[in-house]
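Both of the next two complexes hold chain A, though its partner changes from chain B to chain C.
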Partner chain A sequence: MKKIIIALILSFVASCLFAQDAIMIIKRVDDNMISKTQIVESQMLIYGRRKTRTVVSKSYTEGKDKSFTEYLSPAREKGTKMLKLKDRLWIYSPSTDRTIQLSGHMLRQSVMGSDLSYEDMMEDREMTDMYSAEVVGEEIIDGRKTWILELKAKVDDVAYYSRKIWVDTERYVPLKEELFAKSGQLLKRVSLTDITKVDGRWYPQKMNYKDVLKTGKGTDFIIIDIQFNTKIPTYIFNKASLRK
Partner chain B sequence: MRLAFQLAYKNLIGAGLRTWLNSIVLSFAFVLIIFFNGLLDGWNQQARLDGINWEYANGHLINEEYDSYNPFSIQDGHAVLPKEDQANLTPVLVRQATIYPQGRMFPIMLKGIDSKQSTIKLPSNLLNTSEANIPVIIGNRMAETTNLKVGDDVLLRWRDKNGTYDASSVTIVGIFDTNVAFVDSGQIWVAIDKLWEMTGLYNHASLFIANDNYIHKNLKGWRYEDREFLLKELTKIIETKKVSSSIMYFLLLSIGLLAIFDTQVLSVFRRQKEIGTYISLGMTRFQVVKIFTAEGSMYSIFAVFLAAAYGIPLLGYIAKTGITFPMSGDDYGIIMAETIYPVYSFNLVFGTIVIVVLLATIVSFLPARKISKMNPVEALKGKLQ
Partner chain C sequence: MIKFIFKAIIRDKNRSLLPVIIISIGVFLTIALSGYLNGVLGDMVDQTARFDTGHMKIMSKAYAENKDQIPNDLALMGVGEITESLKKDYPNYRWVNRIRFGGLIDAPNSMGGSKGQGPASGIAIDLFSSSGDEVNRMNIKNALVDGALPTKSMEILIGHEFAKKMALNIGDEITYMGTTMNGSMCFGSFTISGTLSFGVVAMDKGMIIADISDVRRLLDMDDAAGEILGFSRDEHYYDEKVALVEKAFNEKYLDSKDEFAPIMLRLKEQNNMGSYLDYVNSFSSLFVIIFVIVMSIVLWNTGLIGGLRRYKEFGIRLALGEDKGHIFRSLIYEATLIGIIGSIVGTLLGVIFTFYLQTHGIDISDMTTDATMMMSTVLRSKFTPKLLYIGFIPGVFAMVLGNMLSGLGIYKRETATLFKELEV
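Presenting the complex of A and B:
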């Protein structure tokens, strides 16, 4: 009886420790992936049934609250701008010369027809605020040793009830993420590859977002150029900059 | 008057081919008017009946935030109605969802309805009898678009009341056939208590469908649209079609009536001696005008009989077999059966007869008026006036 009690106490302590480890891992991932500011020039390849669309954009990001994106090509999308300030998102369309604010269910629309939704991009809360985390195992992905973290929602208003993240044990970079519905059905998979050291931090240069319920190759997000902690003028994160 | 018609009849029979031609043209216009109006009336009747049986019933009690034409209103356009106010009402909850048949993605409306309802013809009883985990029914159009059939399982993804994604396999337990695209295209029907369980929105409804026993009273947060209000658009479309097709009737009738007019003008001009003779025999000018007017209006009566001779079997056959249209009214959001059966009411036929005869009489009278100004002596001599 005594032995059983001791075993129970030890497993409880271990699970607490694992939970603490998971939270520590997530915090370190955030420290690596999020910087004070980022300027990113990227290419989004949207694989459709008949053809592939390539959209080039330039983004300015400050923390998790502020982000400004301008689409540079193709010609149809050129000049389209998006501004995110906390939980609000505005889109400017040059063809109509109008700025509209997306909110609520409008955020569930896909970005430029990709597998990514505005809601996926907009999430500004800390993972640790939304999910309880636990290290459930280890795996080798592309020769890299990773921890497998299982995250379960601890608040009601999250889009994905649970997630699984594979984190590089050495570089604290996520290599894969799976997003699940309440029933446990896998909904989306994100693969992060081409991990390169930029300004002293490891960063994935290519991300693939895939809606696993439908056929197709998903959407590739490829970083052409990235700068960390560069000073961004404050006027960029202003609604007026959408019309310039 | 009887003499006028007797003389008119003799003159028309004597005219031969001219009479036939005028009568045929007028009868053709006559049959066409009845056919097109009958077709529109048939479409209207069918559409009204289908709309009432499949969608409108006795009216809708709709949540004030919900607008069936605005998908952005679905998220918040629902509420709980107290049980005591739900008498003679069938709840319907509408949510957005996505299905993935054969690896393709289809955004759809997920509609929950009481499986025991009998207010509308939707076969919701199939949702009750199935043992599947989540049984659903779809319409023919939806089945064709998604390539689904009875017994198929398809993955459905939806969000609960907090916006969290959930997904499960649903089973198609029935496919219904309806002319009302609004209950078919782009939607899946599930039992409402199942949908409450899936979303956590217990006892919520976006709208209620009223049965014939429903008596409306004002309820805060809900607006009532009665049957006639819901059918208003359809009625207006039919009225518009009737007005636009009247242009065709006008042209056809004009041709027929112009022919009668020309005939009468020629008749008066050529038969001046006859007119002079009538007057010299003691007829008043007005009586002579009556003869010539009666002649013109007799063309329309001949046309009516001629139209009846070939029109009755033709229109009767079309009323029996109907007319199938290659294009679908679905594309225009209107209720339109694939095959429309014309309906020829007594009012339609009688009204058309009256209008045609009246117009023929008028166009015959116009040239016959000249007779009242004629000098009978000059007419007898054969001098042109």
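Presenting the complex of A and C:
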């Protein structure tokens, strides 16, 4: 009887330690991926069944609540802007000179025909705020040792109820992610590559998003330039800046 | 002879009234139900053909695989040439281009913000053609509740319920937000020229109809279309003929490995319409069979009762030397006449009822407020020439069959025992 109790206590302590480890790991991942501010110039390569499109944009992010994106090319997209303030998203169209707020199921729609949804674009919160984590195994990806973590949502307003992430054990950067719905259905796969050190933190320069419900090669999100913790003027995160 | 039997039927109402009433009711029910089914089920087929499937539809193979998602990025290209070749090769059909599209409709307020938003399901058709084929086919003029048809570019028609929900009026401007054929985000400002009510809940709640040229510009679909629809010139669907066209067209692209090569599907192969059409066709036959069986049993029984009541009459006629066959035949003539009278009355009542329901219909809008399927909110019967005989022939046949069965008793009468039976 004593042995059983000791075994139970040990397994409980072990699971607590593993959970602690998992939380520590995603905290380190957040430290790498999230900063007070970010200014990112990026290009999206959207692989369609007929042709591939390239969309270039510049985004400004401050904390988890404020984000502003301006599309720079191609000509069809140039001048389109998006502003996120907390859980609200506005889109400005230069062709109609109108600002439209998106809400509800529209946020799950694809951005510019890519494999990313508006919700994906809006998600700037730290993973430790949204998910509880557990280490479930280890795997080698592209010659790098990774921990496999299973994340389950601990808040209601998340785009994906659970995630499985493969975190580089040395650089604390995810190399692969699988995003699931509450039903357990796999919705998207993300692979993160070209990990380089920028301003003292490891950061993936290329991310391939693959909506598993769509055919095709997915969408590459490639970072052209990224700045961390640069001061962003407050007027950027204002509705008036959409029409400027 | 007929005159003699007719007089007998008129004078002896006990002999004819009950069978005439039974036949009339049976024929009436057969016609009324067949007409109702023709109307309701046929209406759904017609609505589906006019608004969605056509009598045949041409799409790219890739589009056809995911057509429920309206994947305009996989739409047919070079549709001008394809349409011209279809017009030349199959002149008995009318060929039209359509684009289905989805998106968000946003109504601006006076401050430039939004006063309302809603998801919209759009159909782009040729609104400005001189023939007005598509406008007539979709019955747009009759469906117009307010305003008028678009007369210039970037004018749009919107579901009446949709407009009410968003507090939109004629002349108001709305912004459409959607995705181009290439996946780009697109915005377009339209002016509402009219509101429509098709009596189809799914459409009235979120539909917009725009001219195909405007939508082509908006969605970057120059010389492209999601669908090319074919309709027979009399707007009726003939499956065998359409199947021949389909076979000939698809054979041209049979060996093509191009996923964007065109493919034709006939109405019966879309939206599970095949089993539905078979169901519609078999239903009328089923009614007639059930009617003949049930009526024969009822009239057999009625004939037997009549036979019992006329037991003495047949006995006297046999005693007077009338041939059994002659009596049986006169009974059948009588039944035929009664069957004809009952069937005429039943057919008349059935046709009147069908015309009434065809004109006025049954309004079920209260029951379909949350329905999302494409069904009319007014259920109507439909008169077809078939109704003139679908009840009439079985009505006469059932009466004759019933009397033949009950009349067999005449042959079992023994002349030797007649006088004893008649207590003479």
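Points worth noting:
The rule is simple: the second predicted complex is superposed on the first by the 231 of 244 C-alpha atoms of A that agree within 3 Å, B and C clash if a C-alpha of one lies under 4 Å from a C-alpha of the other, contacts with A are read in each partner's own complex, and residues count from 1 in each chain.
The criterion applied here is as follows: a residue touches a chain if its C-beta (ideal position, glycine included) is under 8 Å from a C-beta of that chain, and two chains touch if they have at least 3 such contacts.
Just so you know, these numbers come straight off a predicted model, no measurement behind them.
In the superposition on chain A, A:117 makes contact with neither chain B nor chain C. In the superposed pair of complexes, A:59 makes contact with neither chain B nor chain C.
Judged by the touch definition given at the top, the superposed model places A:182 against chain B, while chain C stays out of reach.
Considering which of chain B and chain C touches more of chain A, the answer is C. In the superposition on chain A, A:99 makes contact with chain C only, not with chain B.
By the touch criterion defined above, A:227 reaches neither chain B nor chain C.
In the superposition on chain A, contact of A:51 is made with chain C only, not with chain B.
Of the two partner chains placed by superposition, only chain B is touched by A:159; chain C is not. Look at A:211: by the touch rule set out above, it reaches chain B but stays clear of chain C.
Comparing which residues of chain A touch chain B with which touch chain C, the overlap comprises 105-106. Those residues of chain B whose C-beta lies close enough to touch chain A in the complex are 72, 74-75, 96, 98, 100, 103-105, 155, 157, 159-160, 162-168.
Against chain A, in their complex, chain C makes its touches with residues 62, 73-74, 104, 106, 108, 112-114, 117, 119, 175, 177, 179-180, 182-189, 220, 259-260. Put simply, chain A touches chain C in their complex at residues 46, 48-51, 53, 74, 76-77, 80, 91, 93, 95-96, 98-103, 105-106, 110-114. For chain A in complex with chain B, the residues that touch the partner chain are 104-106, 153, 156-161, 181-183, 185, 187, 211, 213-216.
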